[in-house]
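Alright, structures below, take your time with them.
What follows is chain A paired twice: with chain B in the first complex and chain C in the second.
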Partner chain A sequence: MPELHWKNSDFRILPLHTVRLDEESAARKRDRLSSLIQAGEPDLILLGGDTFLSPVPEEEARRLLSDFLAPAVDSGLPIAFTFGEGERKCGLSDEALWEIFTSVPGCLLLDRAEGTDGFTDGTLPVFREEQGTPSLILRLFDTHTETTSYEREYGSPGRSRLPYPLYTPHYMDGVRFNQTAWFDKDQERIAERYGRTIPELFFFHTPTPEHAQLIHSQDRGGFDGVIREERKCQTVNGGIAMAAAESRTVLSIICGHEEKNDYFAEWAGMKLGVEPAFDHGAWIVSVTPAPSVQITRL
Partner chain B sequence: MKTADERGKPLLRFRPDGSFRVLMISDFHGKPDYNPKLTWAIETMVAYAKPDFVMLGGDQLCGITPDILKSYLTDVTAPMTRRGIPWAHVFGNHDGEEPMSKAEQEPVYEAFPLCLSSAGPADISGVGNYCLPVYARDGEHVAYHLYALDSHTNVHDFTRKFGLPDDTVFVLPNHFSDGHDQATPMFDQVMWYYNHSKSAEKEAERKIPALLFLHVPLVEFCLMYRNPENVGFVGHKREDVACSELNSGLFFACLERGDVKGIFAGHEHLCDFQGQYCGVTLAYDCCLGYDMSTHDDMRGGRIIDITEDGGLSTRQVRLWDIAGEKCMRNPDFFEGGDKYYIRDLHT
Partner chain C sequence: MDLKKEMPDKLTLALNGAGEFRVLFISDFHAPSDRDWDERLPLAVGALLDHTGADLCVNLGDFISDGEMDSADRLLRYVAAIAAPCESRGVPWCHVPGNHDHEEGLPTEVLAAYPHCLSLRGPDSLPGYGTYAVPVMESPDSDVPAFMIWLFDSHRGTSQWAAEYGIPAPYDYTATTWGFDAGGGVYHAQARWFWELDKALEKKYGRKIPGVMGMHIPLQEHSLIPRNPSLTFMTGELEESAGIPAFNPGLFAAAYERGDISAIVSGHDHINSFAGKYMGIELSEDASLGYDVYGSDRIRGGRLITLKAADPMHPDSVHVYLKDCPGAVDFIFREGHDNA
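Our next item is the complex of A and B:
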């Protein structure tokens, strides 16, 4: 399995949310990715969900993704991915999409979680020099689709959709509690294996209610960004932000999903951020050796 | 058939007809010179409800000193002692006030032969995270679980836990709850429940239905009054839901596990409502004390009837409905305001 190596002073990630590949925009998006790579000089490209949205035949999806990522492949950049709700609307199975994504040269295979609801839950260790202990763990979660997906599984069909929900009337699923529990258990495994905790960054598609809390109070100090649309966070809180805060090892939780919103702020000792859709903006998320997280808009 | 656990405490068991009744009473706010009407109120509620088990839902006391804690608890649990009814407790946000910490109080509680509470795992946040089994009529298998969780004091418990400066702002100026700085169970407590629930299912080879008790309501309680027609709202809401803006995912954990049928809270002295979200009943038991602010017609307790096959029904019982004006703190003056008195009694 290819490994991620931290070669320079900072480890730089180019997360790409809501790319929504289609025939019409493919060439433009490939050119934009090329520009972003040149401007951002990333060490990793991370597709954060909704890479596909519209129904697409399997071979076309393979070609669209391959063409889009060509600038990354040509630059020898490693690529990672997780799924958002769009991947469940494009007409292809999770397994088919997994095969399409992982067939791209340079695509990293996650150390996948066992026993969670998420198809793309997993970790990517980042190694610095030749040390055997990772300096950083990138943890990816699958945020599923809408609340209907777990209502079916947990036997409460339609019941999460109240007219006046706590956070947002978009009824999104998100990181479920069993995925949060996996993080908790996996942290113990990592600490046991390496004799210490390892700093982590989380990436997933649909924001947490804690992200929405930041939007809700954007006039406070430390809020960096702009809100151009209604928040669209998880409906029932799966506890991932609190688990991350309680662990004291998570530096940042980066999400997407909200197309035009572009913000980050400190919350409980972490940086929570929502990156806009590919057509509306892009970030470089840099991890310094300290470690700390710096977000730069490209 | 076993009748006692390894501590010598009585085991809870469904009645021969397959029913089991819990009475939850909270917020006594007892202090060294507590109002003697408190013990009358508890006696009245217990006599009316005829429960199999009583859960004290937190804020049993405020500033009780070590020399009188035992006698105070003896007084307030006398109605259970006289009837041989087992009881347990969760701590509320006031219980840890000076001069006694919750850890110091816990052994005093546990020394009562009918008290089934326990401190819980030492490596989990809070004091009093435990699970009580309720055995089926045959006494052989567990038919229900009663979970108890400590909901801490306030949001600063989290800043300390997270290693953050004490002035860290968690309740932002615009909030989704009603905007209070309460705490909530921490993530490690939620994981404790989650793992316990999974282990119990594995051992029993089936889900074991459960009730969950804590003092401070979860933020999901706000959904009840905001969507009354959709959740089957019943009861009164005369003040904010003073929950935490923070959320450790306890409700989602319960939803996933599918065992918790109802989550019951105290804390609010002017809320006794109930409703249902995603199939889980969320309900308050209001308050029963005479040494804090409330309305005279709001004191009461919650009856929770469960059945051996996993059933649950619940209703709030107001002391006013049992004892009338006798439950008023001051017989010459109705505390609560005409607005509520007239609306609730005459509509």
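Our next item is the complex of A and C:
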């Protein structure tokens, strides 16, 4: 099981969504990452999906990722990752991408979920000092691609694409119910193993409908950020936000996918956030010893 | 897993000789607290039972508008009156609570005391007091279920959910422009219960057991039907916006991913009888049968689902209008009543 160590007062995560590595922008993006590391002083780099989007040969993907992450590797920073829909559009298999990501020095291996639909569903425990009990669990989910793939796997192809959907007309897949059920069981297993619940942070690519619904309440206290484009959340709600709320263990659910939207707000005792794409902004997500979550824009 | 708390064993329900089983869903009686109920209510239940030949009658809640009667005597007479149509015909029946019902105002045990009532309070581990599953066996002497009827307590409001789980405000961001209300809803813990028990049944019997679901408050996904009537092949009436919950437990996704649920029926909206298909699952509302609350004689009735062993994932489903039941017009328009 990989271990992350909480060395300073706060545990600081630099999530990076929708980096979309390609030859043309590689040098610029590497320089930007270097600046973000200097400014944010993170304890962990977390690639939240759509690190690749355009078709890319395997060896080029390996080189692009290695070059991009060089500033993190040079700083000795651990790196974690999950997949978004872009990883399924770049022409490489999940297995090939997994090998490419995990070959980067400092890349952490998830304690992967068994029996879920998600290739990158898993957890990373964070330990303070020498205690044997984690102080924090980072839980990553795979949000797949669009509802077409969901329907192909479960039946009724094409039926999710209604012109007047509940949330958004973008027909995105997301955290499915079987992945939510894995969280339900796994957080109970963790509580049983350690004798108490452990606070968790969720990271995944495509936002939940609950993230999208925050947009209806921008004038309410606690909403922080800007909406610059249409929301693009999951179509068929897999229940992960309500499961997280009922568990009372989840501090925050951080997603990406939306290009320029940049917002977070409190919902049901958690901080739900949508971080913009790499070219449009970046956050430091700090977990305090309390524990609570603070989000700072870099 | 204590199956006796999750599935009633008081009576054995089974497919008939033709391999079919008819489930009638009715709801929203809304009896007043301080006076007796409209005398047409039990007549309406009886007319629907006679017309449909239902093998099981499921009441999807909202028995008493204010949750409790002003006296124990009135409550017991009311329960006797609404139990009588099923009891006198020997038709098994059961119920789930609605958002107007209180456990202290109408305890499950009061209904379950009737010989043909299969209602359960449900597992202690679950919130609420009416989440359980009713098996329909392949034959009267079989111990293998042909179908499951999954029933869910949908509670009383978003603030109740927050209070029960210690969830701080704000939790109601979902109040948006298309008809959310705060009437309650199925919690995630119940969706998880369905997921786990359905998987356990598959393991025990070596195959998935097809089924249908019922609850008082519709799922958020119910509102997709009237929003997309053509593509969901909507039938029936929509006279008010679907009163969907402010939160989504993932129950629809759970049903979809399990692949063994063909229909999800709700009550709550008194003048909606719509049904339509979303991602292969029929979502419907059964309209109010009560006369002590707003309603419509044009729509009043119940949803009849005929489960068929020969085609288990494609049951027949129809809204049965009370006005079409033989003899019903004699009491619907009885003198002295102000019909809607």
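FYI, the second predicted complex is superposed on the first by the 296 of 298 C-alpha atoms of A that agree within 3 Å, B and C clash if a C-alpha of one lies under 4 Å from a C-alpha of the other, contacts with A are read in each partner's own complex, and residues count from 1 in each chain.
To be clear about the criterion, contacts are C-beta pairs under 8 Å (C-beta built on N, C-alpha and C of every residue); 3 or more make two chains touch, one makes a residue touch a chain.
Keep in mind the model is a prediction, meaning the values are calculated, not measured.
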When the two structures are laid over each other on chain A, do chain B and chain C clash or fit? clash
So, A:16: does it touch chain B (first), chain C (second), both, or neither? neither
Please work out whether A:190 is in contact with chain B alone, chain C alone, both, or neither, and reply first, second, both or neither. neither
With both complexes superposed on chain A, which partner does A:284 reach: first (chain B), second (chain C), both or neither? neither
Which residues of chain A are in contact with chain B in one complex and with chain C in the other? 151, 154-156, 159-160, 162-166, 176-178, 180-181, 184, 209, 213-214, 216-217, 220, 236-240, 242-243, 245-246, 248, 268-269
Residue numbers on chain C that touch chain A, as the complex places them: 162, 165-168, 170-171, 173-177, 187-189, 191-192, 195-196, 220-221, 223-224, 227-228, 231-232, 247-254, 256-257, 259, 277-280
Taking the touch rule as given, give the residues of chain B at its contact with chain A in the complex, in rising order. 158, 161-164, 168-170, 172-177, 186-188, 190-191, 194, 219-220, 222-223, 226-227, 230-231, 245-253, 255-256, 258, 277-279
Across the complex, what residues on chain A touch chain B? 150-151, 154-156, 159-160, 162-167, 176-178, 180-181, 184, 209, 212-214, 216-217, 219-220, 236-240, 242-243, 245-246, 248, 268-269
Provide the residue numbers of chain A that touch chain C in the complex, in ascending order. 151, 154-156, 159-160, 162-166, 176-178, 180-181, 184, 209-210, 213-214, 216-217, 220, 222, 236-243, 245-246, 248, 265-269
